[in-house]
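Note that the chains take the letters A, B and C in the order they are written out, and that residue 1 is the start of every chain.
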Amino acid sequence: MRIPPLVAQRLIASVLWILTAATIGVLLFIIAYVLIHGLPYVTWEFLSRAPERMGREGGIFPIIVGTAAVTCLAVLIAGPIGVVTAIYLTEYTREGRLTAIIRFGADCLAGIPSIIFGLFGFAFFVISLGMGLSVIAGALTLALMVLPTIIRTSEEAIRAVPYSYREVSYGLGSTRWEMVTRVVLRSALPGISTGIVLSLGRSVSETAAVMLTAGSALRMPQSLLDSSRTLALHFYILAREGISMNKAYATASVLIVAILVINLVAYWIMRRFIAKTG
Amino acid sequence: MRREKIISAVLATVAMSGIAGLSLITAYIFKEGLPIILRVGAGKFLLSSTWAPSEGKFGIFSMIVGSLAVTAGAMVIGVVFGLGVAIVLTQFCPRRLAAALKPAIELLAGIPSVVYGFMGVVILVPLIRDHLGGPGLSVLAASIVLGIMVLPTVTSISVDALRAVPRSYSEGSIALGATGWQTTHMVILRAARSGILAAFILGMGRAVGETMAVIMVAGNTAQVPRSILDPVRTLTSNIALEMGYAAGDHRSALFATGVTLFVIIMILNTIAMTVSRRRGQKAGRK
Amino acid sequence: MNEAASRSELAPQGTAVDSRGTPVPKEAKIVLEDFGAFFDGEPALRNVNLLIHPRQRLAVIGPARSGKTTLLRSLNRLNDLNGGFHHTGRILLDGRDVYEPQTDVSELRRRVGMVYATPIPLPWSVYENIAYGPRLAGVRKRSRLDEAVEEGLRNAFLWDEVKDRLHEPASNLSGGQQQRLCLARVLALEPEVLVLDEPCSGLDPVSTGKIEDALAELKSRYCVVLVTNNTKQAARASDRTAFFLMGELVEVGDTPWVFTNPADRRTADYVTGRFG
């Protein structure tokens, strides 16, 4: 039986639109479900007090601090190193075997499951270097985890800058470093920033790797060597152990809102970038 | 001139340390995991389905099957929905709407895996248990959850691939009297074939690597599953579940599991790279 | 190569002497001495002996791949950016070889300013584009930068058109205006030599005319080297003309003579349009 093309078209289009609607539907459902169950419990008290009775009562303040500490530290470490590496690979070395290998390595590492970074972090930072379950071990592990992604996105942003700009800069008497900072980085900055912000988002969501390296202490971390718990991990523990569903949903709500904000910031940066060069 | 040399040296040092750190991880994982694979025998390690660390038995076959099963299921959902959405976004959607929908899809990628896992436990698992049988914690549950998680990756890379197809292809097709869908499936999808394949492979890589969500809905029994309703344990879950208390050979075996994952990802990445390069050559683009 | 024509160019005319002790004609700003340029071993220029005089416009003509652009890029050492480039011979700017190891290449590029075939405004405002060069040279004070920007724009005959739009994106300007912007960018550095690589290709006749007028004005202050594919442009917009063919300098002389009574047969063929 041969279906006339126009009918087939309408059929397929409908199917595809249903798929799309379903996808958007799932997204909205998940976010709505969590927020509906959780936002009522996100009070100022919740955000500013420490957890009591293993999280059954009280708030998540030390956990917010712990999350901020681990993720921000990770990005502060990986960001500059990643961008510098990207600059070095694109502007200071010649394309060849070595750079191709490094690029392949970075791509692979960007795809390695986070649990393997957790494995390494645990064995190396926590045990071998004796840091113990700590904020610093968690931060270093996460830094290694997002470093490949930052290198790749920065590299792509830098390569997107037209070669002619570089020639113009040299022609006007710039040194290589002047050309890199005043012309290339200036144009590549939005792309680089987006990559870094998205890495921050990924760090905030990360659970497996921090569980194994930063631990799950509920107390406020006093130093980099103290163990700490992150929002995602706290949510996991509360939900899995059935400690408090309300608090779990509330934690997840805070987490989702934080990620939404981070994504919005990244998106806004990209929009401004397109507006400027457009 | 001297200042430039100093700058160059500083940049090189920082770059090398970053690269060194990353190489360190690779070397470390292999150093810790390879010996036990060699000791137990690669064949036995990979093909025996007996995982009993207390007895010194380290066969990860059941978990390889687990990872494969769950990933395959995830990719079915990931491709059907992911590619479908990509087609809608690029072919059937007005510009404005597409611009609004794309970030929404990417937002899906931002939701933490633990939230997905949790939703799976709360909604999906009881659904499967009540209507399809089995404990609910199953290959099916993990596949569905993973499929949704992988979807944004497949969509976003497919959209790039579809958008890269030159306008002239579709215009030529329509000029010959084809409908939108005919153009899409006979011309555009064909042309974007390798890009979509790359999307598929990268999505697969992400599915293989997911840990937390899978732990929450897959059941985690170290046995080869016989149906999609059976519980299963994946390679990643294995590491996460046992790392905290493993010691000695047991820990080495977990590193060995890591080595296996590493190799799988490297193979997938190489395939994706060759596929993309071929696309570049075919299109004759720089 | 026309031996007679080029040899007479090198006959000593004054008492000036270069760093090697060889007499250099007092008049020449730039002297190419047996200059050869190679990319990965392939020659792009061979045995070029050429004098470039100040306060004159030299047109460099020839068919594609005759080495014209390579010549320009060798003057300000932009060819250094291409891996695999190496040269033989010397290029003397005011008597000093620009390829000497101690040369400050940044300084050289400020002295020998280049305008490219396609206008390449940097993705900034008009002001920032012009101010970039002076900033690189160390100018910090806002007032001095303002002066440099205005000077550059006036000398490029662009000031009146953009003086109210200095802080708009440079990409908003028309093609002809953008090319004059690129000229202004270079002029803001007060170079000694102006080197232009087919600056009017792709521009409409009016814009082309404006640039040619600018060059006529500018020659009184600078030494101008103009590469052009358009023989008619060379004929009307230059004082001397050099004809290159496949990497060799075939003939150089006063423009009217090169076009009406060239010494070499190949020059005659090219300017009458028999090839190229």
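Things worth noting here:
As a working rule, a contact is a pair of C-beta atoms (placed from the backbone, for glycine too) under 8 Å apart; a residue touches a chain by one contact, two chains touch by 3 or more.
Just so it is clear, the model here is predicted, and its values are computed rather than measured.
Steps from chain B to chain C, minimised over paths through touching chains, total 2.
Centrality annotation: A (chain centre taken as mean Cα position, compared with the mean over all protein Cα atoms).
Distance between Cα centroids is largest for the pairing of chain B with C. Centroids built from CA atoms put chain C at 55 Å from chain B. Separation between the centroids of chain A and chain B, computed from CA atoms only, is 17 Å. Centre to centre, using the average C-alpha position, chain A and chain C are separated by 50 Å.
Taken residue by residue, chain A touches two or more other chains at 175, whereas all remaining positions touch fewer. Across the assembly, chain C contributes no residue in contact with two or more other chains.
Against chain C, in their complex, chain A makes its touches with residues 94, 164-165, 167-175, 178, 182-183, 187, 276-277.
Chain C meets chain A in the complex at residues 76, 78, 81, 83, 106-107, 109-110, 113-114, 116, 118, 120, 122-123, 132-133, 136-137, 182, 185-186, 189.
If you check the complex, the residues on chain A that touch chain B are 5-6, 8-9, 12-13, 15-17, 19-20, 22-24, 26-27, 30-31, 33-34, 80-82, 84-85, 87-89, 92, 102, 104-109, 111-120, 122-124, 144, 147-148, 151, 175-177, 201, 204-205, 207-208, 211-212, 232-233, 235-236, 239-240, 248, 252, 255-256, 259-260, 262-263, 267.
Chain B contributes residues 3-4, 7-8, 11-12, 14-15, 17-19, 21-23, 25-26, 28-29, 32, 80-81, 84-85, 87-89, 92, 101, 103-108, 110-119, 121, 148, 151, 178-182, 202, 205-206, 208-212, 216, 236, 239-240, 243-244, 251, 254-255, 258, 261-262, 265-266, 268-269, 273 to its touches with chain A in the complex.
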